[in-house]
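Pasting a structure below so you can have a look.
For clarity, chains are labelled A, B and C in written order, and residue numbers in each chain start from 1.
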Amino acid sequence: MHIPDNYLSPQTCAVMAAAMVPAWIVSVKKVKKEIPKEKLPLMGVAAAFSFISMMFNIPIPGGTTGHAVGGTLIALLLGPYAACISVSVALLLQALIFGDGGVLSFGANCFNMAFVLPFVGYAVATFISSRQKKKGKHILGAAVGSYLGINAAALCAAIEFGIQPMLFRDTAGKAMYCPYGLNISLPAMLIGHLTLFGLAEVVFTVGVLLFVQKTSPNLRTDQHRSETTQTPLPLRILLGALVVLTPLGLLAEGTAWGEWGENEIAAAGAGFTPSGMTSGLHYGALLPDYSVAGLPEWFGYMLSAVIGVAALIIIFKLISSAHRSPVAES
Amino acid sequence: MHFISRLMENDAQPKPSKILPALRIFVCILCILLCALAKNAFFVVAVIAVELLRLALQTPNMIRQVLKPVLTAVFFTALFLLPAVFLGSPRTMSTVTLKVFESVLVLSMMNATMTWKEVTDAFRALHAPQIFVFVLDMAVRFLVILGRYSNAILEAVSLRSVGKTNWKTSQTGGILGTTFLKSQQMSQETSEAMACRCFDGEYKSYASRRFCTLDLIYLLLIPALIALFFYSEWMMK
Amino acid sequence: MIQLDDVSFSYQGTTAVSHVTYRFEMGKCYVLHGPNGCGKSTLFRILNGLDFPTSGRYLLDGEEITEKKMKKPEFARAFHKKIGYVFQTSEVQLFTKSVEDEIAFGLIQLGLPDSEVQKRVEKYIQLLHLQPIRRRAPFNLSGGEKKRTALAAVLAMEPPVLILDEPISGLDDEGQEWITRFISGMKSPDKLMIVATHNRTFTQRIADVEVLMNRDHCFEQSRPLENGAETEL
């Protein structure tokens, strides 16, 4: 669901970024207030999980791929504001280092995956679990919440894509950015996410949630502050296992809808390369598409996973060391 | 004073490593050397990945301590190499910056995860010149003691001064001078104390660690790194 | 056994030690008293082979100690093996990175095998109650801990002659008591101890012979003490 550069006009990008600024500010404030310093590194781990989940590409018929995001999962474990920050940082890392998602479109990507997704997911999940009385209500809530969350995000992305041809045309009347209108973008994005990708999100969310409940039940935000500052070992093992398994994500050939490179888009059905793409921003990421030049793809992918996970954990540990805990010592 | 408190901190909580220090230093130096020679980004990126992973497992404070020099070095390197981008070879900037990142990261990690004793023991084991090791050993101790001494003098001067102290015209020269004289006196006294304990100029050491199985496994890293290096170079062709 | 034959020491016109003749016997603990500036420290430096008499002779076990002889490493090593000196300020004599290393230092310089070094390190750590701080850096220790470390480092070399310069200065009551008891306990027929102190009580507790040095930089009198009671010569 990562929107690359030059698919959205600079104006759209600016608007989306502007929309995210208050969301970020509020999230940061809330996190400072509600999350104790010792738990901040957990946000790094959560961001790492989200990052990893986005490396497991799933194919659907039609030749495109998609992936889970894990935003609702984080929201349920650490709160929606923490989820917003964690996913945003993961997306930032992906955009800057791996070229996954554009630099200008960072605001839009965050809006979809770091704002809409976790908040919708969280709202739905808590709503459902508060209305249910039977056991396992949390899981049901998580399942429905994550499903609706990712689809809400997909809907937003589809709209952002779809309005481009309407609003931004060059003098010849051709679309400057994304060439597909709403009539194409909506079904293209939603079909995948309503089916397989939504399912993937549900499976990922529920799976990890169950794992956490079983192995480290005191991780949830409504519990008392945990004594330990270390990430529980089972979680570490799970993360490690996922890192090792990332090359599986390469098995799905094909590029996700809306994530084509500028050389792919003409062949993908548009028939032409929109002018905004040829003359737009071309950011050279360090490890583009999670690969290292000259290396077998799977190795580069796994190395990228290692770097991404390590970097996210480091970033949040650094934040925690700079942060003064607002909660008084008990 | 900040630096001294960090030195003292390092000494007060030794974290003995399970691997022979000399071996670790050797592997670190080998890593840096191979990365410098590498023509392919692969080796460098692989080393960075492993070091970042190790770093992610440390405490937040240690991470900060390790990253400070790394980020400084990278920032300045990138700054100096910025002209390369404008001159049409951005590759140069990214390659060199990446290598600098890797070297400083490896060194910084080594520095943070080994106690001072281990570092000097390692140099000894690697047959660095005796005098080098001796000076290193003494330097830390003198730094701490003299730091405390000059601190004490500073306090005394502040207590004796009335009003705001203008350091330009005040006793800074006197303080430094006194500290210098004190350091001379101390070194004289220390050498006498050492002579009294039968030191005759040759700095003997003690085999503080024996080679064990864990070290053997770690030793395998050396051929592994070299193999990886050649593999990555071959892949470029 | 230490013999001083009309030993004098002057430096740049100032006399620090003036015509001292004395004999220190093995098996006894001598306490040297004197006002500040009487030359005690200089005398100790001579006894330690750090300075040499400008006139007179210093003999250790019948052999004269001269500057020329001390320039030879084997002679110097044999000499320092016999004399253990604990400085007044511990700061200068603690120069390694941990208490264990400090104790081991002298032993390694003596060329003892590692097993023997380890054994003695353990023994003296136990003896001087240094287990809790054995890995700490000496310059981070408290006054009392530093004194004990310095003492352990010197004692570990098992010298027959022990010279202690103000061993209880700067210590609190508990520390002083501890050192006093320890030193009393160390007395034996094959050890010679020479201690400098200003403290009367300490002297009473440990001295076999009290030696007074006066402002004229010579020995005024020496009286053996028995069971803490003073007896005139």
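FYI, a residue touches a chain if its C-beta (ideal position, glycine included) is under 8 Å from a C-beta of that chain, and two chains touch if they have at least 3 such contacts.
Note that the structure is a prediction, hence the values are computed from the model and not measured.
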Query raised in the report: Which chain is most remote from chain C in terms of Cα centres?
Result: A
Requested in this report: Report the most central chain, judged by the distance from each chain's C-alpha mean to the global C-alpha mean.
Outcome: B
**Report entry** CA centroid of chain B to CA centroid of chain C, Å
**Finding:** 39
Query - Approximate Å spacing (C-alpha centroids) for the pair chain A, chain C - result: 73
Query raised in the report: Which residues of chain C touch chain B in their complex?
Result: 48, 50, 73, 76-77, 80-81, 83-85, 87, 89, 91-93, 95-98, 101, 104-106, 108-111, 114, 117, 135-137, 139-140, 153-154, 157
Report task. Spell out the residues on chain B that touch chain C in their complex, using ranges where they run on. Result -> 8, 11-12, 14, 116-117, 120, 137-138, 140-141, 144-145, 186, 189-190, 192-201, 204-207
Query - List of chain B residues in touch with chain A within their complex - result: 40-42, 45-46, 48-50, 52-53, 55-56, 58-61, 63-64, 67, 90, 94, 98, 232, 235-236
**Report entry** Interface residues, chain A side, partner chain B - complex
**Finding:** 41, 284, 286-287, 292-295, 303, 306-307, 309-311, 313-314, 317-318, 320-322
